[in-house]
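The following pair of complexes shares a single chain, subunit A, combined with subunit B in the former and subunit C in the latter.
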Partner chain A sequence: MPGATRLRAEPVTLVAAGAVTPLGADLDAFWSGLVTGSDGISAIERFPVADLRVRRAGEIKKLRPLPSVRQPACRATHLLLAAAEDLLARAAITAEPARIAVVVGTALGGVEQLERALAPEGRPRHAAAAFYDTPTHALARRVDARGPVVTVSTACAAGATALGAAADLLRADLADVVVAGGYDALCRFVLRGFDALRSLTRDRVRPFDRRRNGLLLGEAAALVLMTRDGWSEGPTLGRLLGHASASDAAHIAAPDQNGRGLELAVRSAIDEAGLIPDDVDFVSAHGTGTPLNDRIEADVLKRTLGPRVQTIPVNSIKAGLGHTMGAGATLEAIMCLLAAREGVVPHTLGLEEPDPACDLDHVMGSPRAVHPRISLSTSLGFGGCNAALVLEGIEA
Partner chain B sequence: MGQRVAITGVGVVDERTPDVATWLADESEARRLSRICQLTVAAGRRALADAGLDAHGGLAVMVGTEFGDMVSTISFVDGYLGRGPGGLSALLFPHTVMNTMAATTAIAVSAKGLSLTLSALTVAGELAIARAASAIRAGRVGACLAGGADEPAPLVMSALREAGAAPELRAAGAGFVVLETFDGARERGARILGEIAGAAWRAVPARPHRIGSTASSRAIAAALTEAGASAAEVGRVYTSANGDGPREEWERALVDAALAPHRLTHRSLSVPTGRHSGLAAHSVATAASEGGDKLALVHAVARGGNQVAILVRGPDGSDS
Partner chain C sequence: MVGTAVERVAVLTGWGDGLGALPENAARAAAGRPVIPIPRPDLGGDRFRRATRECLLGIAAVDALLRDGGMSREAIRGTSTALIYATGGAYGASNAAFIAGSSSRVAVGDTRETRHGSSWAGALNFPYTAPSAMAGEVAIEFGLTGQYGILIGGAVAAIDALWQATRLLAGGRCARALVLAVETFEECEPLYARGRWLVRRPLVEAAACALLVPGARSARYDVPREPAALETLARVRAGETFACAPLIALALARNGGTMEPISVTGEWRGRRAGLHWE
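On to the complex of A and B.
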């Protein structure tokens, strides 16, 4: 098949970020929780769990009321709008509404509302909030976006795909500013689903540890404000230099045993960034703590980054947050940029006895003092979706 | 300007298509796939066969959908609400994730490039095609199956009615066009059905599930700019009309204002069969096949304000 000839891959700027996570109500709480090794995993309190096999997750215990709007009944919408409030408190959006775009990634949208609609006392109108793009439009109204408004999904890689799609909008001059990111909410539906797949652990999450045996879920929303390079004045978080996605085309719920899709995504993202593997200073791994995922990721990183991989710090932040699905990759991208700014890479919670099959330079035990200018962030999702981001941080 | 975008194949199926099963590999594949995924896989294979394209390698898949596989999602919820943990289906859960149709199609045709799902009411199929054209133009993708799929569930229809939507003709179906770089298509000797000359998507101010009060369309203007064309060069219009009267009136006003002073006959391919996101591929392919020396506008606008405009040139105008 004739391939594409890429025209250009101009970097785009990530001006600011906002988040709501199990570690706290804003970006500062997220970052301080990561570097202090806080564990956001707790017993689930918001809905009944007595009939669930696994009753712990990265649940957000307190959500701040949203200012000036009716509080949304849909948890997913509330999470997304809470992240937007945090973002707007850190950066003003000054573009014309027609030049503001919104790109949001999610795996399951507002699916909890569907359960409400189907319950004995439920009403069909609850299902309207279960549409995948309903929370996105609530966000678009909040930021007064009248440019492209897009909901994307590559399952649990959606938070990375959204940033990539946002970069494409900016490069194509379809917007001056994009509010981009991802979200997903915890609910009985998603816990039931992952439980049915036997993906959840009753132990703690242990990415890359030889004892790892599964993941725990979490909920979060994370957003970044993106512009073309040079469009925004003042301090910024960093830049997205390259992004790529590729499909395994192998299995609906399991990654390709050889990680070929992930390898293609990593190589393509580094290529688009105009870099070589030796330029990578840090890897934020998907690192779910499932036996297969972590082994595949380690193999792919060894193949793509070469022998130098043994000296490149690698972490996973999912043990302290849970797997936040659509939000995960956006949170990890933000973490990469904050690590560069603050000069410290958070450590991988739960990793105590590294699996020899995953012999990487893991950041374990405590954070590591290092300024990773160039970061690689990897993500995988149901349906064989793989995504990679190459980010450039700015030292404070 | 970027790469030119050729249309080289089309495949559209719905519940009335007699030979859907013949496009599935075997009974095992049919059993594994939900109905909407069966339709999507069949449409994808049909489009690739029409294009004479072997999917091996970096083929991308972009699927637009209003509701995803909501039928499987509802079945999954019904299972555990009705029967508790014993009602859980590990087979069903992956189909409740929004990207299941793109994923199953990518697996079925060995498409190893970007696999992306876009969700939006009414305009999802057109949005996926516009986004795919943009990705090809930018050099990000060499070839793409682009289109959409939907299977309306009664609960979803009730929810839309309660949210204020008017009655609409809807159907279950899926459809794709094969888009490629013009040079790539020529290089492999493909039959070129037409060209996406310009595509754009914007938001028109409107409240959720409501129509807007403005007839000012930026998407059509942006698509014309990308095509390097004027409104006078548009000779045919295909709209997203499907029985929602107020939305149709709004769409007419948006299109007429954008193309003024020219007033063209509007045609919708949704009306006889019911609309699903795959019909966008049908509209784009029909716009190309009906040729002529003028551009065709494939347009869609949703309650809530999402608007997509795709300008299609027939094969006669694409040869140069």
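On to the complex of A and C.
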């Protein structure tokens, strides 16, 4: 709401994170894979793709069994619970169950189960699992959450929207702890959809490169443990200072040509954080590697951050993971905080010849030694969804 | 922080337009029919030729809200209006249709390129499988470029959506908020039949939209064990409408002249949430 007087939002703390990605089975593998430039893209093996133009993606080849008697039949649920196990190995949840909330973002939910449910031999449990919020409820059971259990589905911005919604629950004192994040599993449904849209590249993903011609999909789950500032003792990852969303109201499957929704989201998130554009030290771009997305993002960053944008490091981590949809923005938020802690920003894989239309300070070729205290993370999704997060990292 | 008020609510259901169309007892009125459908709204314009029925129902609900309140579209256009959409399963029909369309594709192992008709049909339909397409179409139609949210999870999601709207208003992040819920069941009726322990009957298709504005009352969210009287009333009158139920409850409260203080609750998959204007 431009021109309106808004209240600076109370920051919330991100205590710890857990993840399962094409780079490995936990957060450590995710981070080491980013800084070493590992490529998680491979031939899809889990389901038939022979009839598709593009048969590669960021597929997780080995998914650890969960420490429970019965493994979930739904891969999306398995991914989300695997990320939860990683998170719980790093941080204990000490709140009362009634004060634990869960907020999860997804673009696809358990849609693969719908394919099974629609088959002639489909079983009732497949039909129940086809609801997009089924994996969220499985996570709520795993962490014994009796507080609010929320599923957001703002397409590929869902992982950012979830963190924003979680922050609001904490600020309103509806929970002491929120397990928040995003996930999505690769399945034939989504591969076929993006394949039909001709959004997938047969080359490698090249964010902001002049040769970029499409994205590749990936699967992942990422979760963070969030609390109000001061509630948690011990080391933390950092803080979420601001979040905002804005709708393009332009096109169902393509971003607004002028990036107006993204621009409003970025400006509003910085405003909510109580900061000004000059405070931003690093930008984690959505950076899908599609011609339109990257050009729009570059334009928006130039407009919102001003001339200083030429000296603010920018990266995209989608080339090595694939576009992990609902998990993407949460992974990128975690990456921002780990970059601050470790003093290194991972480079953008696939970016070799920057597009002059995307003239930003790209981190390319190798990681860059820098401690970004304030990070801006941007996300866009189907339906004209845009979201931005402003995060504060902690130097180790 | 400012309080909020529910300025008006529009309700469309399989029983007809508005609260006046609701029977006294939905179960009796259904007479054994598992689903009470709403026909596809007849919205003119080439833009809607690919839009799904749930998209059109969402647009029709916002149109009904504006019409009932004597408001112009210009009154909600722009960045000052937030849009928060809630549903339990309105995406199911488009998802199922997309899967059915893909099942006739080239057999596995055939490596031919797929530059043929069915592929392009997928390109046209796939974006509409996302729940965000519904909110996107509504945003495009009414020029809504403010904050937004899309929540999945039946009546609890609608309670969460109402609560988020109050937060956005209280924080000055919007001047008004539309909370929109849409549910369709007809295309997925066989699936609901298989999962019948999850849902009550009759399943009544519905679209409902509430307009929230700054007001005098503060809203309190909780996780109650028992349903509020309005939750029960909405179910008796309308039937099972998933995310639309709390909005129908709000409409019933307004219709009965007991707008404030008011308590609405909703249940979904064994969890209940409530919102209370005090």
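Here is the rule we go by: the second predicted complex is superposed on the first by the 382 of 396 C-alpha atoms of A that agree within 3 Å, B and C clash if a C-alpha of one lies under 4 Å from a C-alpha of the other, contacts with A are read in each partner's own complex, and residues count from 1 in each chain.
Going forward, a contact is a pair of C-beta atoms (placed from the backbone, for glycine too) under 8 Å apart; a residue touches a chain by one contact, two chains touch by 3 or more.
Quick caveat, the model's predicted, so the values are computed rather than measured.
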Following superposition onto subunit A, is the placement of subunit B relative to subunit C best described as a clash or a fit? clash
If we overlay the two complexes on their shared chain A, which of subunit B and subunit C does A:146 touch? Say first, second, both or neither. both
Which superposed partner A:50 touches (first subunit B, second subunit C, both, neither): second
After lining up the shared chain so the two structures overlap, which partner does A:187 touch, if you call subunit B first and subunit C second: first, second, both or neither? neither
Which holds for A:132: it touches subunit B only (first), subunit C only (second), both, or neither? both
Per the contact definition in the header, classify A:154: touching subunit B only (first), subunit C only (second), both, or neither. both
Please identify the positions on subunit A that touch both subunit B and subunit C, taking each partner from its own complex. 1-2, 4-7, 51, 53, 98, 107, 109, 111, 114-115, 117-118, 123-124, 127-128, 130-133, 137, 146-155, 161, 165, 168, 172, 174, 188-189, 192-198, 245-253, 260-261, 264, 381-385
Going by the contact rule set out above, which residues of subunit A touch subunit B in the complex? 1-8, 51, 53, 98, 106-109, 111, 114-115, 117-119, 123-128, 130-134, 137, 140-141, 145-155, 161, 165, 168, 171-172, 174, 188-189, 192-198, 245-253, 260-261, 264, 381-385
In their complex, what parts of subunit B are in touch with subunit A? 2-3, 53-59, 61, 65-68, 70, 73-74, 76-78, 80-81, 84-85, 88-90, 93-100, 102-104, 106-107, 109-121, 127, 131, 134-136, 138-143, 155-156, 158-163, 180-181, 183-185, 187-188, 200-205, 208-209, 218, 222, 304-306
Note which residues of subunit A are touching subunit C in the complex, please. 1-2, 4-7, 9, 48, 50-53, 98, 107, 109, 111, 114-115, 117-118, 122-124, 127-128, 130-133, 136-137, 146-155, 161, 165, 168, 172, 174, 188-189, 192-198, 244-253, 260-261, 264, 268, 272, 381-385
Which part of subunit C faces subunit A closely enough to touch in the complex? 1, 79-80, 83, 88-89, 91-92, 95-96, 98-100, 102, 105-114, 119-123, 126-137, 139-140, 142-153, 156-157, 160, 164, 167, 171-175, 191-192, 194-195, 197-198, 221, 223, 269, 271, 273
